Structure formats: C-alpha cells, structure tokens
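Several structures are given next for inspection.
Two complexes, one shared chain (chain A), two partners (chain B, chain C).
This part shows the complex of A and B:
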C-alpha cells in the first residue's frame, strides 16, 4: 500500500496514494468520470487520445509551482498537487479534442450498435458542442470490414484510440491488430487482412469506445437502451467470470464481462460470451410428466414430486442420486440432505475436463465442480453413471444439462435433441426440457433463471442471479428437492 | 325544498304560439348557409398541420427510409410501435425487418415523427380507421410505406417547427450559458 498524501481536487482536500494514476484517483474519490478513449484500467497506458486532460498545479524542477494541462491517465499523484477537472482551460481542451474526433466521425448513430452506451456520444452530449465548424467533407473509409467470425470493423467510426491494438498483447500475449498506414490515412487492421483468431475477440467490442468494432452475433439485434442488464456469473466453465446478461423481450441477447478484480478483470472468453442460445429455446417443461404404458401422464409439479418421493423412499439406500455439475451450492446441499435421509450417497456428474487456453477459459465444463466437491458430493464419471443407471432401484438425475454431460453433448449447444436414455422404469430426471427414457420428468430452471452460489476453480464463491423469469409454475431447484424430500419422508424415509 | 310551479296562462296552455315560434326558427335555418358536412362523401379539408395516422416513407429506390434505430419505438408513449432490425447489403447497413404499428394503441401524438432522425416516419393525412378485427389494425411495413411525395408539405412544416425550436434553444443557451436551459424551460 502506497503512502497516502494530501491532494487537492477541485479545491477540496483529499487523501490519495502517492504515485497512483490521477484518472483513477479522481474517479474513485469524487465519483466524477473523467472522459477517456485510449485509457482502460486493464490495458497499458499510451496517453494518445488527450481526452482525459485536466488542469493541474504541481511542483516543477527548480521548486516552482506551475499550472498546466495534463492527461490524467499518464500523471501520477505527487506531493503538493492541485487538480481542477472542470476549469475553463480543461473544458476547452477536451472540447477541442472532441471536435477533432467528430470532424470525421460519421453521423450514423441511428444505425450504430454502440449508440446508447457510446462514450463518444456521451461525452459529446456532456461537454461537446452540437454545431460542427468544419466545411471539409468527411473522410471516407471502409464501412464493413470483416475481421473474422466474431467482429465487424467500421473504419469510419474508429477514433484510433488503439485499445484493441493493445488488448491482444496484454491479454493473450500475441499481436493481431495494428494501426496501419500513417497520419490521416491511419486505420485499424490486421496484416494481410487475415481474420482474427482466438478465444477473446469478443472483448474488442466492449473496449472499443465507439462503434468501430461490433459483434457479428449482436449486430442490429436490439437497441442497448431497450435491453435489461442483470449481473450474474458465467457457468460455461469452472472459471466463473463475472458477467452482465442483457435480456430483450424475454430472451438473452448478449453477455458482457463485469469487472471482478480477483477472477476475470474486465475480460471474458468467447465461449462464455456466445453460448447462450440454449437459454432461449422454446418447448420448456413446466410440469411433472410420468411415462406410462400408453404414453405420458401429466401429474403437475406437486404430483410429480409426490411420485418421485415415493419411488426414492421405496428404493431407500438402493436409490442413485446424481446431480448436474451445474447445480448451485444450495441445490447441492438439498440433494445431499435428501441422500442422507435415504441412507445413500449424493453424487455429481463430473465430466472429463478439457484443455484450457491458459488465460481465463479452464476447459472444465463443470462450473461448480469445486463447490460440489467441497460440499461432500462424490464425483461420478459419465461412464460410471451410464453403467449404474439401469440397475438402480430408483434414480434421480437432478439439474439442467445433466443429460448433455451424460451423453457427451456440448452443454452450450442450442440443440434440444438429447437422445433417449436407457434409465429404467423408476428413474427421475429434473431438466429444462422433457427427456425420453425416464419414468418421470420434472421441470428445472436454467442457469439464467435461478439464483444461488457457485464456487469457481479458485475457490471463490460467486452469485448466480435470475435474469429471465422462469416459465410459470417451475419451482426453484431447492424448493423442488425439498418437496421431493417431504414426500419421501411421508413414505418412510428419514429425511429432515 | 318546495318547488313552486309556474301556473301557465291560457295562451301558454294553447301551445300553438310556441309551436309557431319553433317552426319559424327551423324555417329561418333552412335558408342560412350550412355548416355541417356530409362526412364520408364530403371529406374533411387537409392541412400540413393535420396529424393523421403515422406512415413510413419509401425512398425512390423502393427501400424504406427507416433504419430501425428504435427511437420512435422508445418515444412512443402508447407502446404502439414494434421494430426488429436487420442487416442489408445496401449502403445504409440497417433496415427494419419488421415494423409494426398497432393502430388500436396509437394515440396520434406525433412523438414518433418528432423523434425520427431520418425523416422516415410522418403523420399522414389518412384519418379513417375502421375494421372488423383487431389483427387488421396492426399495420406492417408494406401497409405503412408511402412514397416520399405524399409527405412533401408535412416535411416542410415539421422542418419549420424544428428550425424554430432549434433557434429558441440556441438563444436560451446563449442567454444562460447552460446546455440544458432550453430543455428545462421550453414548453
């Protein structure tokens, strides 16, 4: 921890760590966001946009105080420093920077995906001027440059802040984008127009302070002021990145990283960012369905829970209880309690972890492996489960995606076509969609419809939050397991 | 409370003078100029200020002028407008794939016209709105599009209003030095 020294910001005394970046100190202390384009807290500082200028007075060599404009991202806190963020000189300097940026910026906010969350738009509205003074024609550039499968580049909108250029070396450790050509002809591009590769391209659209880099998948899908953002945690791998889920008309349309200093900083991988189609699937199960000789009987959720409790209680210690690796800690505990009452073990399905990419993505598709292990659930491989499933007196497979893991399907795929499982007559599955081969299907909430805790690979507990409303009548996983346990107790199991 | 009744005189009880007076009024009215209108046969006169149902502008190349920016959807106080955007190969990359106005919701306020940055939606001079089902009042893109020539007068009129508003705002801003002065003080 650096030494705290007094510093004067806008004529008020504050304490700030010596040597800290002025732009962060001002934002943290006064809550005032200094406009910035090139500065990003998780990227190297270049100080090229000059947008974060403030007026400072600091001791200069020769022990004289000198007043000057300085970019707050490249200035560190010194002894005897005074800062004015809104002095006429500072405002004028920033307005000048904006005017030059806007001189060639196309006025296509109505079609730009960034509009509504665009720093250039916000700063212009806040401190710029609405009238242009230039009579020169605007610079023409390529509007639709494909940079691979993920990102589309609009060179006219680019303000050459070079955040995207610095992103790849800083996060992935290799260079992909560059500023090509010189001076007024500068554009962002890749060598030889090669497409971008890697698992982190999606972050470019987040860090781009204008609409130059946009996501192909989100392009023109929704206006950002209509989407409803909710903080949650990513469940696509065991990293558990902090995310923000944007929902629009009851569907997930975009996922963005949320700052978490201990886990993912400002980034997230493309696997987590783009696999959300499975959350928008129609045909959800919202009731308990029992397979009977002639077809299927609708028991309702309560009736289904009664039936499940009876089957499990009658099987007693011969029952096989397996949870999905997507269970939250709370659901895992509920499953554990149920298993204890029946006199058996609770397992969770533990698929073989794949290879990670060495940055954020761990390759382990089980998001809560560590948490469920810590709770005391026994890991069980898909092969073992397949072997034990048909022989068990009664079995309960609990939690969304468990059949995807069992059959080795991609859990993020939007594909509902899960093959029929050979599970025996007294088998119960709790899943988001009706499944074939089970004696009883009960409804589950998906990872964006339930709240709870997951423990990531580092052992940090992070929260899941309900982003979308669950289909009507679908209970929370904990509530459903509790109802099953109550029914089991009524049939003689020692639950509770 | 007691209501005191006025007792009628002999001539009043006869009623004939009153009937004659009434007929005289009717007779006089028959020779006065008419101010009612045989509505469906005689349509209302239309002016640029007439705020009829909102309609979309079709450009000369046949494409909608709308770029589906969603501002009218956002401005609409009655939630009558629904837009889905999509990508096109044209120079302006974005166009509406679906543009629906539920005319049963629309309150003809004209906020959509005011919000539009592309001069793509205008209050037309079409006033008649009748139908047998709810569904036929949800108008889609093809039912809403009209050639730009239909809106020439209205475009000029709206342009004048915007110009006047802009001048007022600039003046207010110059007077107070406050950016939001006009927004706060202007009706």
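This part shows the complex of A and C:
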C-alpha cells in the first residue's frame, strides 16, 4: 500500500497514494472523468492522444514550483502537487485536441453504432466547440473494411488512439493490428488486410473510443440508448467473467465485459460474447406437461411438481437425481436437499472439459463445476447418465442445457434440435423447452433469467442476475425444486 | 578545397583545405589522427575526458545546443548494463548539410570523435545512425570504420588496455522524425520511429533500455579537436556561453553557398555578405532561416544578430543545426512556408493528435493562401492552430519545430500573408503550383 499524501485537486485538498496515476486518482477522488482516448487501465500507456491534459503545479528540481500542462495518464501523484482540471489552460488544451480529432471525422453519428456510448461524442458535447473552422475537405479513408468475421473497420472515424494495436500484444501476446503509414496518412489496419483471428476480437469494439471498430453481429441492431444494460456473470465456461448484458425488446442483443479485477479485468472472450442466440429462442416451456399414451396432458406447473414429487417419493432411494452443470449454488443446494429427503445422492452432469486458450476461456463448458463439486454433488459423465437413465425407477434431470450436455450438443447453439431421450416412463426433465422422451417436462429459467451464485474455476463466487424476465409462469429453479421436495414429502419422503 | 575564407576558423575542417587530402586512414593519421583517442584510452579516465569536454563548453550541434559534457556526465559511472553511444547522422533538417561534409570528406575524424565519446561514457558499442538517403556518406563511414578496425583502432583490448570498442553504421529509412533521439532509438531497435515520452531519459533508459548517449556527428567530431588543443585554447573561439566553432551550411540566394567553419557569435550578415559573397544578382536580403527550418525565420533587419545560442534566442529563434537558408527580395515568404508545411505534413510521425492533424491542416491553409484561395479568417486560424499544437503539448519537439517557421514567418511578414488573401493569389513571379512541382519533381 502506497503512502497517502496530501494533493490539491481543483483547490481542494485530498489524500492520494504517492506515485499513483493521476488520471485514475482524479476519478476516484472527485468522480470527474478526465477525457481520454489512448489511455486504458488495462493497456500499456503511450500518452499519444494528448486528450487528458490537466494543469499541474509540482516542485521541480531546485525546489521551484512549475505550473504546466501535463497529460494525466503519464503523471504520478507527488508531494506538493496541485492539479487543476478545468483551468482555462487545461480546457483550451483539451478543446484544441478535440478540434484536431474532429477535423477529419465524418460526423456520421446518426448512422454510427457507437453513438450514445461514444467518448468522442461525449467529450465533444462536454468540452468541444460547436463550430468547425476548417475550409478544407475531410480526408477520405476506407470505410467498411472487413477485418474478419467479428470486426468491421471504418478508418474515417478512427482517432488513432492505438488502443486496438496495443490490445493484442497485451492480452493475447501476439500482434495483429498496426498503425500503417505515417503522418495524417496513418490508418489502422492489418498487414495485407489479413482477417483478425482468435477468441478476443470482440474486445476491440469495447475499447475503441469511437465508431471505428464495430461488431459485425451488433451493427445496426439497436441504438444503444434503447438497450437496457444489466450486470451478470458469463456462464459459457468455468471462468465466470463479469459481463453486462444488453437487452432490447426482450431479447439479448449484445454482451460486453464488465470490469472484475480478479477475474477478467476489462476483457471477455468471443465465445462468451457472441453466444446468446439460445436465450432468444421462441417456443419456451411455461407449464408442466405429462406424456400420456398418444398425447400430452398439461398439468400446470403446480400439478407437474406434485406429479414429480410423487414419482420420486415412490422410487425413494432408487431415484436418479442429476443437475445441469449450469445450476447455481442455490439450485444445487435445493437439489441436494431433495435428494437427502429421498435418501439418495444428487449428481451433476459433468461434461469432459475441452482445451482452454490460455487467456480467459477455460474450455470447460460447465460454469459451476467447482461450486457444485464443493456443495457435495457427485459428478456424473454423460456416458454414465445415459447408461443409468433408462434403468432408473424414476429420474430427474434438472436445469437448462442438461440435455445438450447429455447428447453432446453445443450448449450455446440457438438452432440445434435436441433429440428424443430414451429416459423411461417416470423420467422428469426441467428445461427451458419441451423435450421428447420424458414422462414429465417442467419449465426452467435460462441463465439470463435467474439469480444466484456460481463459483468459478478460481474458486471465486460470482452473481448471476435476472437480466430478462422469465416467461410468465416459469418459476425460479430453487422454488420449483422446493415444491417438488414438498410434494415428495407428502408422498412419504423424508423432508431434508 | 580551396583556402579557407579569412573569417573561417578551420579546426574540424582544417585537413579539408590541405591539397590532396583524401580522408583515408593514412592521410588522417599523417596529420596526427587517432592520437587523441589513444591518449584518452591509455592515459585519461573517462571522467577526465568528460571534464575536458565540460571545460570546453561544447554545446551539441544537433539543434538543441545542450551542453555535451553535462550530457555525458548523466551516464552511470558504474553499471553492469552495457552503455551505448548513438551518433545521430540522420541529418534531415531542411537547410542542413554539414554532417554530410564531415562523413564524406573526413570520416576518420567522426570515427575518432565517436570513439572518444564512447570511451568517456563507458560505452563499448557505437551505432552511427545514418540518414537513409545518405548512401555515399554511409559508405564513407563504413570504409573508415573498416580501416580503423583493420588497423587495431577499433576492436578488443585497444592500445593494450582492457578497453574494447565496436562501431557500426545503421541506415535510416528516410523518415525525418528518426532524427529525434528517442525515435532514432526506436528505429534502431527495429520498431516504428515513434518518439518516446520523456522521462525516462536516454542516459537511464535508452536503446534497448540501456544507458545511452546520443550525439550529433559534428558534436563528436569536435571531441578530438578539443582534446588536441585543450579546452582553454578551444574557448578562445566563439563566445563565453557558446564557445568554439561551428559548421554553417549556407544555402539559398547567396553567391557562394557551402559549408563553412566559423566561430560562434559571428554576425549572420558577415556570413552572408562576406563569407558567402553576398546576395546573388545584386538583390537585397529579405530573410533567413537561422539554423535549419525548425529554428525559425528572421527578417533582414535582424541580420546583424550574432550567431550564438543566446543572441538568437533573444530574437525568439534558435541556433539549431547551422543550416542558414538565405532568401532575397524575390522570394515569397508564403510560398517558402508552404514548401516547409508540405514537408512537416509529410514527416510528422502521426502519434500525437495535434501534430498529426495540425500539420496537414496548416499545410492546407498555407497552400490555399499561396494558390489564391485564402479565406479572410485563414491567417488568424493558422496562428490559433499553432498555439494548439505548440508549447510542449506533444510527446516530442516536432510540432514546436514546425511552429517556429510558421509563427516567425507570419509575425515578420504579416502584410505579405494578408496581401495574398486580399489579392486572391501570390504577388510574386513564379506560381505556387510551379514551386510545388519543383519540390515534388
């Protein structure tokens, strides 16, 4: 912990850690965000955009006080320092930078995806002058340059902050984008227009402070001021990255990383970012449906829970209880209590982990493997589950995606058909959609509709939050399992 | 080369006036060459050499005029890390061509000077970073280095001491910015030539992160001269605060352009009228760039200014690299500034926002004024833009270097700028388009 020393910001005295980065200190202490383009907390500092200039006075060698403009991203807190963020000199310097950056900018905000969350736009409203002074034509550059499957580049909007250039070496350990050519002919690009590769390309659209790097998947999908960003945790692998889910008209349209110092800092992988079509699938199950000879009977959720409780109680210790690896800790606990009442074990389906990418993506599709294991649920492989399923007197497969894992399907795919499962007459599944081959289907909430805790691969507990409303009538997983347990008790099972 | 002009003081260039001097190792050694390097290595400590340079008051000849001995003394005295000397031969400042003369005509003077400087800063490796277009000067340097190595003047255990020294040239690729010392280091390391923010300074964290000193060609070439004649004798030339001689490369509208070695403090008028035979064609002096374009423009009424660091500073310009560009009354100041603006627009590294866009914007405005499309607010906008990129607002001094000629040209010749805008064109004979064609031909 660095020593706290007095520092004066805008004529008020504060305490700040000696040697800390001024641009962050100002925000932490006063809440004022100093405009910045090239500075990013998780990238190497280059100090080239010159946007974050403030006026400082600090003792120089010889104990003279020198008042000067300084970029706050490369200035550290030192003894006797005074800082003015809104002095005329500081304001003029920043306005000057903005005017230069806007000189060639196309000002196509009405058709730009970044509009509404664009630092260039925000700073211009805040600090810039409203009239341009240039009599000369804006420089033409390349637009809609494809940088591969993920990113589209607009060189005219670019302010050459080089965040994207620094991103790849800093995060992936290899270079992909470069500044090409020099002077005002400089552009961002890849050598020979080669497409970008790797699992982290989507981050470019987050860190780009203008609309130069946009996501192919989000382009023209929604205006960001109409989306509703909600914090949650990614469940596409066992890393548990902090995310922000943007919903628009009840659908997930974008996922972005949220800062988590211990897990993912400012980043997330493209697997987590772009896997959300499954959450927007229509045809949701919102009731309990029992398969009957030659048809199906709608039992309602309560009726379904009663039926499930009865079946499980009658099977007793012979009942097979398996949770999805996507269960939250709370759901896992509820499953465990149900199993205890029946005098049997609770399992969770544990698919074989794949290969990670060495950065964030672990390759393990079971987001809560560690948490469910810690709770005391027994891992069961898909092969073992298939073997036990048809022979069980009664079985309960609980939680979204469990059949994807059972059948080896991509759990994130939005359009894959789940085949019929040969699960026996007294088999129960709790899932988001009706499934074939089960005696009883009960509804489940998806990972963006439920709250709860997941424990990531590092053993850190992170929260899921209900980002979208569940379809009417679909109960929370914990509540549903509790209702089943109550029904089972009524039919003779012990209550946990 | 003919006999020196009476006002010249040939210290560095004295061999060049000898009949038949060919710059070879034999010729250089015949005149006492490499004795000072041998003396330094065999009988002086690095600090003693540095002190001699400090005592001489030598100031860097690469443009900033920083005290050379002081710069050397910033290097760590004891260090386990390798030290590097980089000789800046990226001579690209418009109007400057003096280092070329040394490298082509007396390369061993540069090699010996670099060797002495390297010894003083405890470096065992010298890189001479030569401007990409300087193929011939680089070849001359390569030949001299090879000769010196073959003769045991470079290599291991020199003169029977533990001191070893290697020297190599490295070609630039034609970017002006790579003459900026931190960009030069980046370029030498094989990266884009983008200036680094300072601090850290090169003496602590230089090339490859090692302690590094960067000196101009002429600066290191002065070291053998100072060691030979002694600091006191050297100080008899020049002024107290700008001692010694410097190479002045005179170009433009004079009768005898060329490189002359002159004592610091000589009035610009003496250089133009006496050394160079005056303005050509019987015309009158109009203005001159003091020491390369980035140092600024002075109008004829300031021609009596003594060419030393302090005197020109008082007029708001800098001594720079000794590139004196002379313009007579037929020259259009707007056009001259346009040609420079074209250069700066082409050469900014593009790293800092203000410099990247500002250079192009200034060029667009100045070009329009010269070509007859000036707007009434153009000159005012230009002055304002200059304030927005100059004054230490950027990583390196490039933007300030461009601001100097723009600002001084407008200040001294405002009426001429306004006249261009009012008339809707250039009042001088040659058209602006032709001037640009000539530049790009």
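Heads up, the rule we're going with is that the second predicted complex is superposed on the first by the 494 of 496 C-alpha atoms of A that agree within 3 Å, B and C clash if a C-alpha of one lies under 4 Å from a C-alpha of the other, contacts with A are read in each partner's own complex, and residues count from 1 in each chain.
By definition in this document, a residue touches a chain if its C-beta (ideal position, glycine included) is under 8 Å from a C-beta of that chain, and two chains touch if they have at least 3 such contacts.
Bear in mind that the values here come from a model prediction, so they are computed numbers and not experimental data.
**Student:** For A:417, select first, second, both or neither according to whether it touches chain B, chain C, the two together, or no partner.
**Tutor:** Neither: A:417 stays clear of chain B and chain C.
**Student:** Would you sort A:110 into first (chain B), second (chain C), both or neither based on which partner it touches?
**Tutor:** The first partner, chain B, only.
**Student:** Is A:355 touching anything from chain B or chain C once the two structures are fitted on A? First, second, both or neither.
**Tutor:** The answer is neither, since A:355 touches no partner chain.
**Student:** A:182 contacts which: chain B (first), chain C (second), both, neither?
**Tutor:** second
**Student:** Tell me which of chain B and chain C touches more residues of chain A.
**Tutor:** C
**Student:** Should A:64 be classified as contacting the first partner (chain B), the second (chain C), both, or neither?
**Tutor:** neither
**Student:** Between chain B (first) and chain C (second), which does A:96 come into contact with in this model arrangement: first, second, both, or neither?
**Tutor:** After superposition on chain A, A:96 lies in contact with chain C alone.
**Student:** Check whether A:293 is in contact with chain B, with chain C, with both or with neither, and answer first, second, both or neither.
**Tutor:** It touches nothing on chain B or chain C.
**Student:** With the two complexes superposed on chain A, say which partner A:223 touches: chain B (first), chain C (second), both, or neither.
**Tutor:** first
**Student:** Do chain B and chain C touch any of the same residues on chain A, and if so, which?
**Tutor:** none
**Student:** Spell out the residues on chain C that touch chain A in their complex, using ranges where they run on.
**Tutor:** So the residues of chain C in touch with chain A come to 175, 177, 192, 194, 197, 345-354, 356-361, 364-365, 368, 375, 377-378, 381, 387-389, 391-395.
**Student:** For a test of understanding, state which residues of chain A touch chain B in their complex under the given definition.
**Tutor:** Chain A residues touching chain B: 108-111, 115, 143-144, 219-221, 223, 225-226.
**Student:** Which residues of chain B touch chain A in their complex?
**Tutor:** Chain B reaches chain A through residues 67-71, 73-74, 85-87, 91-94, 117-118.
**Student:** Which stretch or stretches of chain A touch chain C in the complex?
**Tutor:** 37, 46-51, 53, 68-69, 74, 92-93, 96-97, 99-101, 103-104, 133-136, 139, 159-160, 179, 181-186
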